[in-house]
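One structure is given below, represented as structure tokens, and several questions about it will come after.
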Amino acid sequence: MLNFALFGAGRIGAMHGANIAHNPGSRLHTVYDVQTGLAERVAAAHGANVAASPAAVMADPSVDAVLIASSTSTHIELLTAAVKAGKPVLCEKPIDLDIARVEQCKRDIAGSDVPVQLGFNRRYDATLRAMHDAVRRGEIGQLQLLVLTSRDADIAPMEYMKVSGGIFRDCTIHDFDYARYVLGEDPVEVFATGSVMIEPDLASYGDVDTAMVVLKAPSGALVHINNSRRAVYGFDQRIEAFGSKGMIQSENFHATHLRRWTPTSTNSYDKPVHFFMQRYAEAYMQELNEFIALIHNKTAPAASFEDGRRALIIADAATESLRSGRTVRISYD
Amino acid sequence: MLNFALFGAGRIGAMHGANIAHNPGSRLHTVYDVQTGLAERVAAAHGANVAASPAAVMADPSVDAVLIASSTSTHIELLTAAVKAGKPVLCEKPIDLDIARVEQCKRDIAGSDVPVQLGFNRRYDATLRAMHDAVRRGEIGQLQLLVLTSRDADIAPMEYMKVSGGIFRDCTIHDFDYARYVLGEDPVEVFATGSVMIEPDLASYGDVDTAMVVLKAPSGALVHINNSRRAVYGFDQRIEAFGSKGMIQSENFHATHLRRWTPTSTNSYDKPVHFFMQRYAEAYMQELNEFIALIHNKTAPAASFEDGRRALIIADAATESLRSGRTVRISYD
Amino acid sequence: MLNFALFGAGRIGAMHGANIAHNPGSRLHTVYDVQTGLAERVAAAHGANVAASPAAVMADPSVDAVLIASSTSTHIELLTAAVKAGKPVLCEKPIDLDIARVEQCKRDIAGSDVPVQLGFNRRYDATLRAMHDAVRRGEIGQLQLLVLTSRDADIAPMEYMKVSGGIFRDCTIHDFDYARYVLGEDPVEVFATGSVMIEPDLASYGDVDTAMVVLKAPSGALVHINNSRRAVYGFDQRIEAFGSKGMIQSENFHATHLRRWTPTSTNSYDKPVHFFMQRYAEAYMQELNEFIALIHNKTAPAASFEDGRRALIIADAATESLRSGRTVRISYD
Amino acid sequence: MLNFALFGAGRIGAMHGANIAHNPGSRLHTVYDVQTGLAERVAAAHGANVAASPAAVMADPSVDAVLIASSTSTHIELLTAAVKAGKPVLCEKPIDLDIARVEQCKRDIAGSDVPVQLGFNRRYDATLRAMHDAVRRGEIGQLQLLVLTSRDADIAPMEYMKVSGGIFRDCTIHDFDYARYVLGEDPVEVFATGSVMIEPDLASYGDVDTAMVVLKAPSGALVHINNSRRAVYGFDQRIEAFGSKGMIQSENFHATHLRRWTPTSTNSYDKPVHFFMQRYAEAYMQELNEFIALIHNKTAPAASFEDGRRALIIADAATESLRSGRTVRISYD
């Protein structure tokens, strides 16, 4: 039974706190949030303490592991401190929006064998894990085309959008990571383009709400990603892997398994589940299961710090391509 | 190139006339209808003659084959006359609504080798033929359960319903015939029940608009049929064959291959094609192709006079079961 | 936080024990099983006690509620004792296989207001609950046809089959219950037939492995159920409700949302989840949630003792119809 | 009844010849092919003449219309001659592989009001026409993302590939045309990339067998196309249009409407129809219907000479992008 400290008690932190509390291998020991009221609420729900400061958490010998679900800008400081304190870290994506800070963090934690797991939820999802496994074991032969559709149900408020880092670092980064996961190799070229078709105010931030990306991998495999910040029919995440021996598609999740036939609509499903926290509810539990297991077994995480760094490098290159209109070579050094 | 005489120039007769005219192996030579105006219209459309009487058609040596699409009550007389005149017959279903008349006809044409083909459209449909072939060659092992869903898009006017012979002879007869075709054996027991839930006036004719039937075959295979006279979402014909090695389902046909996702409906198809003449348009052409081929090749038809007789026997037994509330043994002697 | 006593620590009891332990509103306090080793294992997994006897459980004032997941023949004795001890009961289906004993139990607990909830898992399943709600609120108008497909992935060993009570009491009882739930009325007639096509030894017990049932409700609505003890492609549970304004279908659950396209198979899903405990895993949690809520709120259960009694009455009538070959009127008095 | 001259009696010419012969509004009058044997066979099948030369056809006053299905390099000469002879032309795509020759042809026929219709089969397909109509009438609001998947069942022999003009002019040109049709505007930028993953010999011709394209339209709408020369599961053509009010998808066509469930595959369809001539069989008939109608009604064709010219311009720009690795601005002047 591992004692967890949770950083961040907002919406996603509260979810992680509940998962920690209900997992038979973990206990929610301490919660920290700059908004003490949030920390108190999550702690009270699961019989945990409220920590006075991050430093107090790191110094507490009864804390076995750390889950970071605080705001993005605090990730690196907390992650570095936890590693230095010898506490395994499960950190929500992204590591940071600034690659220079990520590189510095990489140097700061170099040489440590403290486990660091990144929270790329898709790598822990049963359907997407099964797709990865099938492709990597050669079920569709050589992977040739990979098409990812990722559309949010609705755009976030502008106050969030302004500091989101742009669509590629905020949203497409999941697709970049999953593409690397399925490809089994790092893309070397990216072309990205986009349009402002939903929220005109984005234009003044150089951001877009409608985007298309093409990546090329060393094997010759091609990847396409298309994104929208608003799909009126709901959260839309589909993936198609095409290879020399066949194709695998991952379809949307719907709230029920019902089909409706009416005079105006035929064989209609329930809408896709609306929000990523519903869509990936089980993935978040599995993410925690795997984190607990790797602490015990000293195995590698499904999503590592390096995976977080490389996804951000692709997002940066895509952002540069969007601005320049040119294909950008991707360097991971 | 065979010269055809067409009896009946109503809606379905006109369709058969066009098929005859466009088939490279046939020519529409003569049309007869008690409503001369209808006959004239169809004949004119395809450069055919209008016949003065059925007798004149039967006596005309240039008529190579006969297609009977006139009203049900005229089928037997025309069929018998054609056989006696040595002219191959393609007769629309049913042979007749009265089994005594059908038995008499059977005796009247006994011994003749003039081809008689029944127009059970499903036996000529590419999807349903493929289902039959798969089941009969053992693809799903031993057939154990067969479930047929047959629902019309809307109920016909009461003037038609009154003389339709009741739902089992008018509508379910297609299911009875197709069940025999797929089973490869004759059901020996039938249970039928029904309700009046759409058209209250049916009650006074002992008819129902909503029905369920169960048949049992000598092998132990069980068949279920459910019917409705009105499916508000459109013509609904689905079949499921379940066996010891798997299952085959036949789904509905839709006007296009589109799927629509809106805020109120997800993955919605176009409605099923509304009417049997659209759903089975290609089956009617194939029915004619096979009729032409069997005249030339002296092979057996996919649907024979005897198939028509046996389907009617089952429909009669189902009607008896509906009235008595009891299982009825089916005798084909 | 309610303290639960669990009776039965076999496969399904162990699952209920884990659900009780993980539910934020309940705690696993005591476990009883005639096989003490099983009780010890489940108790140890969740920090619970092992009870010395059922009587000791009933006498223990710290036990707030009872969950009965022991073998069927023990249900009535435990249920009655719990009610008399004033402890709310969640009892696995069926109440018993003998309607006389169920009637006696009904009389024995008459007048008590201790909550008794039956474990008909389908009533707690999100998809099937949504179907019920949609039909009951009139979304498809008047319900006219209800078609239930229930096929197990594989037949149980003969030692179980012999004491199962027959296919209708053991398996179809779920369909009878769910049909009542969706109909909102009690069927008044049943016709049932069946065949032995999978396990020849069943014949000597008067049981069948392949069955079809038709029910008729007072409104005229017709219900069809088809069952098989072995579907080689996996656990197959589908339901279709057809009414005057449309149709709702409930489809199978599959392990992932993947589709595969290969040279030999097109758009293939993962198999249906193989076993009812996977298919209904969430339903069992919801069943517990609702039981806890009704203890607190004194509301009626989604599935009551009376629902269990009536489903058994239909199963008995179906068994009689199977034997007699006749339609059987159903009396619930 | 229009008398048609057919140029080209190969595989696709023979299909057009049969369509002309069976259409109630047309007659196959004359056939010309440089391989006289082919012309003779098609002419004999439909009671047509064999023409001595193209010039003889153009001079024949009994020829009312011309269908050009000969090899690509002959299209322009025949098309120009027909227009100058005042004979309406239905010309298979592409007009030519060389834009300079197309521009010259445009000048040569400028000012004529003789109808010229291009054979972009997708514009005449019921499903894809319905998709176009729905998008153009605003059913999905503002079009934002358009994703086209076009994969052949198998690669053609190298002798064809060498002279095909490359994947964008030979294959993707259909997608470019259909994108323009649905967009209702001309793309202004193209990015294209590709790999040789199927047929290594293509590399020496600068061609690829696996490709991805992104187009941008003046409205901001983005288009993605992915192509493969070999999909082992069959001919794969799907299109998805995403807009501010919803999404429309066009799915593949399969030979039957069956679904199969076996121990190794679940809900498997029949393979997609293997070849474009099957997939678009009805589209070719409709193409002819519309050509006949526009001759009579003097209306504009669904696919015009200018549509053929513009699709080729996009294909040229994509080819340039493939070679340069850069986004290419598209100019239609």
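Letters A, B, C and D mark the chains as written, and numbering starts fresh at 1 in each.
The criterion applied here is as follows: contacts are C-beta pairs under 8 Å (C-beta built on N, C-alpha and C of every residue); 3 or more make two chains touch, one makes a residue touch a chain.
Values in this document were obtained by computation on a predicted structure and should not be read as measured data.
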- request: Please flag the chain sitting at the greatest distance from chain B, going by CA centroids.
  value: A
- request: Weigh A-D against A-C on C-beta contact pairs and write down the one with more.
  value: A-D
Whole-Å gap separating chain A and chain C, where each centre is the average of the chain's CA atoms: 39
Query: Whole-Å distance, chain A centre to chain B centre, using C-alpha means?
result: 58
Statement: Whole-angstrom distance, CA centroid of chain A to CA centroid of chain D, is 42
- request: Hunt down the residues of chain D that sit against at least two other chains at once, touch-wise.
  value: 232-233, 245-247, 260-263, 270
- request: Spell out the residues on chain C that touch chain B in their complex, using ranges where they run on.
  value: 142, 144-145, 147, 149, 151, 189, 191, 193-198, 210-212, 214, 216, 220-222, 224, 226, 228, 230-233, 236, 242, 244-247, 325-327
Task: Report the residues of chain A in contact with chain B in the complex, numbered from low to high.
output: 232-234, 254, 260-272
- prompt: How about chain C: which of its residues touch chain A in the complex?
  reply: 22, 24, 126-127, 130-131, 134, 245-253, 255-263, 270
